[in-house]
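Before I ask anything, here is the structure I am working with.
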Amino acid sequence: MPRTRGYFHPKTATGLASLIPPPPWHYSGDLLTVEYRTDPARVRELLPEPLAPAAEDPGAVAVIWADWQSCSASRDELLDPVRSQYKETLVVVRCSYRGRTYSRCVYIWVDTDFALARGLHQGYPKKLGSIHLTRPHPYGPAPRIEAGARLGATLAAADRRLAQTVVTLREPSPHHGFVNAHPMAHHRWLPAIEKGRGLALDELVETGAARVEGGPSWRGDAELELFEAPTEELARLEVREPLGAYHRQVGVVWDGGRVLERGTSGAE
Amino acid sequence: MPRTRGYFHPKTATGLASLIPPPPWHYSGDLLTVEYRTDPARVRELLPEPLAPAAEDPGAVAVIWADWQSCSASRDELLDPVRSQYKETLVVVRCSYRGRTYSRCVYIWVDTDFALARGLHQGYPKKLGSIHLTRPHPYGPAPRIEAGARLGATLAAADRRLAQTVVTLREPSPHHGFVNAHPMAHHRWLPAIEKGRGLALDELVETGAARVEGGPSWRGDAELELFEAPTEELARLEVREPLGAYHRQVGVVWDGGRVLERGTSGAE
Amino acid sequence: MPRTRGYFHPKTATGLASLIPPPPWHYSGDLLTVEYRTDPARVRELLPEPLAPAAEDPGAVAVIWADWQSCSASRDELLDPVRSQYKETLVVVRCSYRGRTYSRCVYIWVDTDFALARGLHQGYPKKLGSIHLTRPHPYGPAPRIEAGARLGATLAAADRRLAQTVVTLREPSPHHGFVNAHPMAHHRWLPAIEKGRGLALDELVETGAARVEGGPSWRGDAELELFEAPTEELARLEVREPLGAYHRQVGVVWDGGRVLERGTSGAE
Amino acid sequence: MPRTRGYFHPKTATGLASLIPPPPWHYSGDLLTVEYRTDPARVRELLPEPLAPAAEDPGAVAVIWADWQSCSASRDELLDPVRSQYKETLVVVRCSYRGRTYSRCVYIWVDTDFALARGLHQGYPKKLGSIHLTRPHPYGPAPRIEAGARLGATLAAADRRLAQTVVTLREPSPHHGFVNAHPMAHHRWLPAIEKGRGLALDELVETGAARVEGGPSWRGDAELELFEAPTEELARLEVREPLGAYHRQVGVVWDGGRVLERGTSGAE
């Protein structure tokens, strides 16, 4: 009997049709990050056991718009860019696990299937959305990266606008914010195929970039609006206090993570 | 510590944001099915252990276009149809497991995220695609369901056409074909988050409709074309002998499946 | 020198590439219509000279969702349905011209380029949008056409929801409403290519179906919500008094119109 | 009677809802241009009277992929980028009119409605398509702009791939090619609303950028593939001899054109 191959489904004789290739995955991208404080209780309610709120600033939230080109080790996808380019909006909080601070993505929307599937593997709770962000440009009306530059970004899903921001850049920054600055503590969950049997997969994993390179960060101010929608809870993370905003171009490699615990989340 | 809720990610305090609701899932849909024979070796290479080729007609394939409206028990999604309507193209073969014949979906494309996530749960190897099929209609130029009616259907993914058919209906049929007529034997697979550690989830499951109702089937002939694409292997299931085509309207309930075996697929 | 051919651009040696074929255009479709009264001044401000408000009920508005399959005389598009199927939401008012009552489409969104181009030719002020409407179905959870059936419909453009409705059917109706029941009085406008020179094309035309066939209408009630957006004015036509709602399946032929006046609109 | 306002439809009391704003229109964008020679007869058949083939190199063709951010004088659209960003693929040839050489766009696909409407105003024969092109990036796997950099670009419409290229950059270039280097000679055509009455609008116009700024061009080689499709004729412009390829970032202002002749095209 032949063996089927492929890092993800569909598995075939050759592995060619797999929705995603094996890691490492390589990324070039632009990041626009907006940080603010919400009610810490609204963050805490999104943290299943054994995660606890971060010891400091437990209500901090980052909403990040990213414009990516990603590829496998072969880099073939870059030359057929419908298989490489995607955009995403992710919402990140911090938490504490065994005395260490982690970042954790609590909501995320992407606009391609390969990004959705990769996220599922990595414990990102991905949905599809429509994501747009202003691209700095050296000519014409689009902004240069400089003091006073204004960048907009929007998110919609199911034909409803969920979030929008306008960021004004002020000055170079030695960092790109503090909320998404830790390894990620994510859960990989899949329900049992039998009804009422709970989870077939319940892993707490640590994941993050194997390597990051990037240009200078710029810091600025942001106006951020979050909108209600019948199947979304992003607006529960209401903006209480704006903290700042950042722009940066980066190159990233992802090459796997590790299991921290299994079967302890108590999630339904 | 609060407990997070939700049948699928993202899990929240309320469970509202979950990409998919708990079963039962209800469906109304129109099915256009094209059956043919390919090289049985091409079917066999898609069957991981412990599955074996079907004892009879092991090269039979069904390519099915479906136009769905689906919803949870509340039926709320039907009134916000961007959350209910989707289309799909699935490719089904048959196989044998412990002496019983099963159907098995080897390729499938859908056009929404909730359908993609449900499929992942059910062991369907879903990708996103662009799917179209002629809708019969009682007025104007669209076809009625009657002898001589012609229905077209197409599939594209990543900006390439992958399949197209034109079906001509001939007569009522007592059945809707034989390839997709059995319970499904599917694998639920997810790689380990650590590189090189194989699969974190490897289940052979049996799944299928809890209930089906429907109208009369019509039988006819089909011209079917499959096209090459750099990340697809559908065209390997080449058309050797056309068998027939079917149209039917159905109502379906899905309400869970059961595990047949764990950890035996030998898949990479 | 060869002659270029084609009903619309691009014109070529064969005419094959034209975005739209020559009329007659044939349509099969399902219509969901919501009628209400708004401030008559808000309708009047959308009527350029020489149009005047309708003599009776000048504040009446119809918002119509339609799910179409359309084709040329060859009907070829029906078998490659990506070239045939589209959905639209149109907003219709009535007006008076030389003592006769006309219908007039003041806003309309469609989801394909061929429908956009046809509309431009016919004087429909089309934009692209994302349109969804519940499809009645004989099996499963989707509604049958019967008393108590509930049908939803939504419209979005530029990633913002612009309108949504839920219609509850009550009883068969001898008609399909009164707002969209007249020939259309539309303007065909195109600015001059030189700045500040006004309009290069300024025609008041009468247009409408050459033939209509259809099934029984059903009448019911509707909840209709209109939402603000930075580049839309639909919400100015605020709902003051609901009038009713209708569902019907139709077949339509469009085969040209006629010019009523040229150069008199006074539009900028 | 109030006057309706708006540069394009829909015209309203305020003009706010117009699909496109009045010029000037401002653009920031990246251009990837592939030039080649085809059979001059295939170019000539696309030139209606009074246009003649270019005196020199009459079979030269440029296929150009562009990634744009565009806005009105207010620049508001840049901060709501779903209203600003779009991509296009255009096919340009040269022609001769009254002894002067013009460029002329014979096919073009864009991915937004506002770009489609602007093109119709400017005489570009726009359709909707799905367009992708590799974006150079300073970090990660995406290419830098340098010798040896490889950039891919693709075009699809109606769920079929129509064109794809891979460009390898070689060296800086003092120019960005010669095919799209002249003012454009375009036709603005709209059929009469009455059947069989020919054209209601038939203008030969000259149009082009009011201002262009930009960075250095890079020159390279390209592999270009054109594919057949039932409603497209791009593949008739078959590649006989590759000429070269170019990459450049630009800022452009468009601010109107001028009529060269009216009513002389002899087009159907």
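Letters are used for the chains, namely A, B, C and D, taken in the order the chains are written, and counting of residues starts over at 1 for each.
Just so we're on the same page, a contact is a pair of C-beta atoms (placed from the backbone, for glycine too) under 8 Å apart; a residue touches a chain by one contact, two chains touch by 3 or more.
What you see is a predicted model; the values in this text were computed from it and never measured.
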So which one's got more C-beta contacts, A-D or A-C?
A-D
Relative to chain D, largest Cα-centroid distance belongs to chain B
So, in whole Å, the Cα centroid of chain A is separated from that of chain B by 30
Whole-Å gap separating chain A and chain C, where each centre is the average of the chain's CA atoms:
40
Between chain A and chain D, what's the gap in Å when you average each chain's C-alpha atoms?
35
Would you please write down the residue numbers of chain A that are in contact with two or more other chains?
80, 82, 130, 132, 154, 159
Please classify the inter-chain touch graph. Allowed labels: line, ring, star, complete, other.
complete
Of all residues in chain D, those that touch chain C in their complex:
1-17, 19, 22-23, 44-49, 52, 80, 82-83, 106-107, 112-113, 116, 120-123, 125-128, 158-159, 187-195, 200-201, 203, 205, 207, 230-233, 255-259, 265-268
Report the residues of chain C in contact with chain A in the complex, numbered from low to high.
130, 132, 154, 156, 159-161
Residue positions on chain B within touch of chain C in the complex are 26-29, 69-71, 75, 78-82, 84-85, 130, 132-135, 137-143, 150-154, 164, 166, 213-215, 249-252
